[in-house]
Amino acid sequence: MADLYDLTDDKPKEECGLFGIYGHALDVANITYYGLYALQHRGQESAGIAISNGHRFSLHKNMGLVAEVFNEEILSSMKGHIAIGHVRYSTTGSSLAVNAQPLNFRYLKGLISLAHNGNLTNANEIRHRLGVNGSVFQTTTDSEVIVNLIARYGQGSIEEALMKTIIDIKGAYSLLVMTENQLIGVRDPHGVRPLCIGKLGDAYILTSESCALDTVGADFIRDVEPGEIVIINEKGLTSILTRKNPRQAFCVFEFVYLARPDSNFAGKNVTQVRREMGRQLARECPIEADIVIPVPDSGIAAALGYAEESGIPYMEGLMKNRYIGRTFIQPHQKMREIAVRLKLNPIREILEGKRVVMVDDSIVRGTTSRQLVQMLRNTGAKEVYLLVSSPPVNYPCYYGIDTSERNQLIAAKHSLEEIKEYIGADGLHYISLEGMLKATGLPGDSFCAACFSGDYAIPIPEETGKYSIEDGGEDYGYHL
Amino acid sequence: MADLYDLTDDKPKEECGLFGIYGHALDVANITYYGLYALQHRGQESAGIAISNGHRFSLHKNMGLVAEVFNEEILSSMKGHIAIGHVRYSTTGSSLAVNAQPLNFRYLKGLISLAHNGNLTNANEIRHRLGVNGSVFQTTTDSEVIVNLIARYGQGSIEEALMKTIIDIKGAYSLLVMTENQLIGVRDPHGVRPLCIGKLGDAYILTSESCALDTVGADFIRDVEPGEIVIINEKGLTSILTRKNPRQAFCVFEFVYLARPDSNFAGKNVTQVRREMGRQLARECPIEADIVIPVPDSGIAAALGYAEESGIPYMEGLMKNRYIGRTFIQPHQKMREIAVRLKLNPIREILEGKRVVMVDDSIVRGTTSRQLVQMLRNTGAKEVYLLVSSPPVNYPCYYGIDTSERNQLIAAKHSLEEIKEYIGADGLHYISLEGMLKATGLPGDSFCAACFSGDYAIPIPEETGKYSIEDGGEDYGYHL
Amino acid sequence: MADLYDLTDDKPKEECGLFGIYGHALDVANITYYGLYALQHRGQESAGIAISNGHRFSLHKNMGLVAEVFNEEILSSMKGHIAIGHVRYSTTGSSLAVNAQPLNFRYLKGLISLAHNGNLTNANEIRHRLGVNGSVFQTTTDSEVIVNLIARYGQGSIEEALMKTIIDIKGAYSLLVMTENQLIGVRDPHGVRPLCIGKLGDAYILTSESCALDTVGADFIRDVEPGEIVIINEKGLTSILTRKNPRQAFCVFEFVYLARPDSNFAGKNVTQVRREMGRQLARECPIEADIVIPVPDSGIAAALGYAEESGIPYMEGLMKNRYIGRTFIQPHQKMREIAVRLKLNPIREILEGKRVVMVDDSIVRGTTSRQLVQMLRNTGAKEVYLLVSSPPVNYPCYYGIDTSERNQLIAAKHSLEEIKEYIGADGLHYISLEGMLKATGLPGDSFCAACFSGDYAIPIPEETGKYSIEDGGEDYGYHL
Amino acid sequence: MADLYDLTDDKPKEECGLFGIYGHALDVANITYYGLYALQHRGQESAGIAISNGHRFSLHKNMGLVAEVFNEEILSSMKGHIAIGHVRYSTTGSSLAVNAQPLNFRYLKGLISLAHNGNLTNANEIRHRLGVNGSVFQTTTDSEVIVNLIARYGQGSIEEALMKTIIDIKGAYSLLVMTENQLIGVRDPHGVRPLCIGKLGDAYILTSESCALDTVGADFIRDVEPGEIVIINEKGLTSILTRKNPRQAFCVFEFVYLARPDSNFAGKNVTQVRREMGRQLARECPIEADIVIPVPDSGIAAALGYAEESGIPYMEGLMKNRYIGRTFIQPHQKMREIAVRLKLNPIREILEGKRVVMVDDSIVRGTTSRQLVQMLRNTGAKEVYLLVSSPPVNYPCYYGIDTSERNQLIAAKHSLEEIKEYIGADGLHYISLEGMLKATGLPGDSFCAACFSGDYAIPIPEETGKYSIEDGGEDYGYHL
């Protein structure tokens, strides 16, 4: 589970979470608020909710956590029967309010609001094409590109416009679209990002993870299919399947780290998959050790699985400070070692003289792992083995996950032996790609595992990289 | 002078102030900040500055006064050689950050930023036409319409695009446009809103009022002509005159109330014009009285003129509390009378037993006038005469000044005698339209005085009224 | 009138304003709020209100203006029938919340709250004496010393305790004291700081200036006498005169600059006294000139008087920006000249080619005067004469007014001729001490004019200076 | 571990955490900041740090978390060689800034700063005695009573004053006292609250829990003894043992719930003690079940112990939302059930059809337990057994822990069977008092377990209850 208060500097970052609801006689603003609360791990940079009352939209969004952005006064002022909400992840430095979603627009046929999770791979090309015809852009977000495409194709129905739009755009996208009287969900043909359908009484919900359905007391119905457009209005739910049989490519990192442990995808529970990854890891990499400890919190499920399979006792050898927040003052150079100990404190009584297996879910840059291994040794651990429940991250993600630049990925430039040396462990073992996929209980070829394998299901543009950084920068300078 | 701390509830509201500068080797962000400071009376709702460094734009804007929106850290982070800044007026209730200006966009040819003072009369019609071609809109501002038009005509040079745009748009507009390497000023063919040119060393400045030039130590060069496009770039200043001899129609209310007393328009100093209005009023409406007092602060110049011409002593009989701010708690019903006394306190020692001429610059709804007259009587004034240095406001403004709805204009529905009764004065006298225009020292037919005369220089659309209120509302619900 | 938005860097600073009310069936919190609003010019650093409901006290105070510190929710939560409120002035750098008043305490006989305007001259000596007996102090304020003395003498009635306390303390003090069921006002034997009594229906009010009575709709009854203790409780108002015939020494600077123009002291209206000072100045210092202009706002009344007496036309040659607030970014060195022009802009059309008499109420350091004279010259004034409606400030004040250190007082170290040279005026004239006192219409020996004459009515301790700076500093380090 | 983001509504509240350091050539402000960060679980209401540089004190404190109260600018402005810091717990409604600690005072011998963890039982009596001699009080805190006593005994050395003070005061107190040149720690004769000594190079540290020593990289030296005064100054550390052999009565709830799992007391590690409590619980209450799940986070260690001893698999069946913060909007009545699910979501795949042992560390009111049991059943658990690793809480604490009023303690008024019915579990079992004490590995008679047994080591005043609520209330109305 992505955790703000965890050592997330060294973890991939989810880009967004979506929650939409269509339902009369419900307080859709409040329900969306709680839905976003449950999805907070998918993005801590900004939060927003747009509401339609059939005639007008209201919108509130801002930088910050859901609980910071909204208060009772704001929520109670937002009346209507359709809502879409969005949380966006936190990057360092370029936190821009203008990029907060949903985005509201007026086009020829009326009002439209859009929330997006994912990343287009041909946004630049489309943006240029639209510009030739006179479109203007206020942001560098993909979402604004999508809205302009919809408007360009907007002489007919919104469904037609969406179908034409989907033909043009490439990449990963789960979308929520709201018009005055419809809630629409779209999932890209490969199904890279998740989106599922729930019901709360007569009301329909579309959201990124099933945990949000549980939270608001709704029932899970099914996942939105790859390439499916789901339209909800007064007549109920209609489905359009836009493409037949593309290769499905659901992001396996949702299972490894990104999703909440209590969510399900394709019928599989995340924490149970993680525990099975731990068991699989124990089968692949048995170690002679006295105790198994997790790197809290994201390594807990896999560590429990490792302990279960190996029979080695599970202990909480690293204690996490639950109050590490975002405004934390970084220690000066000479108190550098305090930085990690503020978050995780090793317990001597548990570790001293022990051969320790430490289980983590993934390693990106390796810096935190190195500090933790050192800390365990200083506290008296006799031997330290680092076991990782996902394979080495070798390639960047172009579909909406921020894995750092490739040159920061330790596994992309160093051998296993070199990494072990760097980290200072007595042993370093990753789960195999096959083992990880097998642990999901789903067909291996239904996943995108490009960050591990380099096998990209959707073509990557030559330019690669993030055009938004090279192109105009900082979203044309907005820091509203 | 428009004064936040004055009794401005009963005054017309200016819509915006503009300040732009093109100059290498200058801190253009700081200079623009001080320029906007000098124009704060033209708008207290929001403030913003956009900067170009030749390649990228930076932008900062927010709700609030200039001094609240900016701090040293923000300003010092904004580097470049071109800047445009904007202040926007404050309305009650619908203060929307999304409407803050400048607006930054990317179009086919690059980046563009726009700041606008005025009001288009055919924005709805153009918006619809653009929508048919696929344009989307995030706000209901005229400024977004103008930017989309520019983009639609944007295959060639920016000058061409602007010239085509000017043919399409009707209404009052002074514009500042910034591209990566140019600062452009545009004034509508009737010259309704002001715009002038200054120089600070080698740098050019375009701004709404000359007081902003004084403040930053720049020299006044000349007013921008009605219908003129002024282009400033590395080659210096170029001028394009787009139309020959339209009827000039400069807003006379700038002289009456809106502009700062230390600004000049068409070579005439505002405070001197106001003083002359007071003298003219004394000639037109001589009163037997003991003292002349102003309604502070906006009636001071006219009251001094009245006293000078009439020979009646000038006294400050109403003392203003200089600390009345925006967050003031309104008194409850039974302390209603406190509301005015918090702002203006009558001085018994000056007023008791006196026949008082009270001079104000304008009356819109009359509610404050009524309270002031009552207060003077309660303090012992024997007789109270209200003299107004502008004619009755009978018609709404469609060119960017908020004069309230017509049914709130007391003079639109009531005779002079009825107003006198309502206000409770022993006498009520307005200056004549001719007298007011004469006092400016400029040709009477060079002004727009439609709010007094109903003679609109620019055609008003059938729909009239503010489409933005009828059309989607609250700018599609943004309250970012 | 002290004006936050004026050029007050170069003016003495008032220390505090007081407002107390005793009245059943009134919203005493709201009335006190409006009363403090009217006294905001006496202190902009902090504001506070304490309320008694007969059993308990509630208290709210904080740094900031009255309108910033309070909101409707806070005020409506403060219920009771007695209230005392306080505003405190703003110094640079050492703005400390712990010094905000009123101060609430529990002593042997119950609860007590205190608000103080003035300065003790023997606070250090008493503090030491109390410390020997075990008193502890959280602040260096005189107010805490007074409260501890009251508690030390607190075995009997509060009146007895106050009478004993008054024998011990020396200096200037107007006090408001609240117990569970009494509102008490105390004025020092010399009556240095003002305090007056008003009635609002059956309710009694005690406040620093009569303008606060006007504002809340109360009637002025009388000034509290020097050395008088006024006790208000359910039996009505009782008076105790603690001393017979000390030399009265009311601060003349209240008339010159500190008080609001619409307040009265000893039956004299402040703005009329200032106008008479202007007339007297014209009699003492006649100048051949074309126009008289004030330094706004505090010089206006005297300038009007000068113009009236001299027959020279009164013009507003310096235009003040009404939006200069506290968060203003100071211009960098090379834009230094902007600093003054942001606040005051000279109008060329009025000044050019003229011989100008500029009237100010007082000069402390002379720096602003110098800048203004220079600015007038640059704008084309032919001759500039600076006339001041108070004598040279030669001595520091030990009774509660911050006049800067003596070595910053330009008149304390330089001859009139030297000051004229420094300021760059063609002529510099101060009113005479006798002339100023005569203009008040009151006996000259009833004033403290020590800052002009050095004749201190109350002995100054040898140490002089501000012990609070030498003694522990920064109030023992509070910056809550 | 006390956890802000946990279901702490139903848990006892720790009152305070202390951290003090004496050390030249160290950044004592920063180290104290990190020390308080590690102690944040002991209090989330307010935080404060006082620093001595040998001559003066600086102090910063405010409502909020450590990371909210301090920033780099504040910390870097606080220079000196001695610091004491304090965190205070959060109650609902009466969060008062005036009660934030440390408290700084000046007394006869100089400056003194005080931070206190615990609760006096005779504060009222002493406060009255001091009042007779003229003391005044600004708060109802025990800390202010202690400071006044020290000042009253303050003619000699601070050690003498403290020794006399300790004779007077009864109750639980761990104190940090700072003078200009000394850091002093005091622990009450029964040692109810913890306090320990650490070293960081040459610098000495006194703090509530050893985890704070780990965090700043210091070594644990020893606990401060009950009744010991520890004086640290330039000569090093001196110890005064004030009483011989009182009954030691360390709060056993520190082991059960309050302290951080990675702290040690009397040489015992907290998380290991908790795990042993879980094992003991398994021995005392064996259950036929399929899985053991904890109530996160505080029940985790005991649940692991239970699982280990019983051999039943440990699963994380309740998933905690890590983003539940303090500004959370409470669901309306009809969405009541959302409130718990927002914090804890049961995982169907783990629970369905299972016999579940749910382990919690303590039950106070039982409301949350009831909701959790219901939630597990709704999710498909076949049987639910609630096992508690501490005995029933029958009595309130008078020594500084907020356990709610006695009439809210479910165990004080209901039989085990009734509680089981109320909670709706198939079984409810508490550990025995003997079992819990045995699990600590320390002599049972060295603890205070009064909340379980009613056996109060320190006499409780007749009045009992919280005088501060009855006596003047709201700390004399401060809400600064």
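Chains: A, B, C and D, in written order; residue numbering restarts at 1 for each.
The criterion applied here is as follows: a residue touches a chain if its C-beta (ideal position, glycine included) is under 8 Å from a C-beta of that chain, and two chains touch if they have at least 3 such contacts.
All figures in this text were calculated on a predicted structure; none of them were measured in a lab.
Note on connectivity: the fewest steps through touching chains from chain B to chain D is 2.
Graph distance from chain A to chain C, where chains that touch are one step apart, equals 2. Using mean Cα coordinates as chain centres, the one most removed from chain A is C.
Each chain gets a centre from the mean of its Cα atoms; for chain B and chain C, those two points are 37 Å apart. With centres taken as mean Cα positions, chain D sits 48 Å from chain C. Within chain B, no positions touching two or more other chains are listed.
If touching chains are joined by edges, the resulting network of the protein chains shown is one closed cycle, each chain touching exactly two neighbours. Interface of chain B with chain C (complex): residues 1, 3-6, 27, 30-31, 33-34, 37-38, 40-41, 44, 65-68, 70-72, 75, 211, 214-217, 260-262, 264, 269, 271-272, 297, 300-301, 304, 308, 313-316, 319, 321-325, 327-329, 331-332, 335, 337-338, 341-342, 345-350. Residues of chain A touching chain B in their complex: 50-51, 56-62, 97, 100, 103-108, 111-112, 131-138, 147-148, 151-155, 472-474, 476-480.
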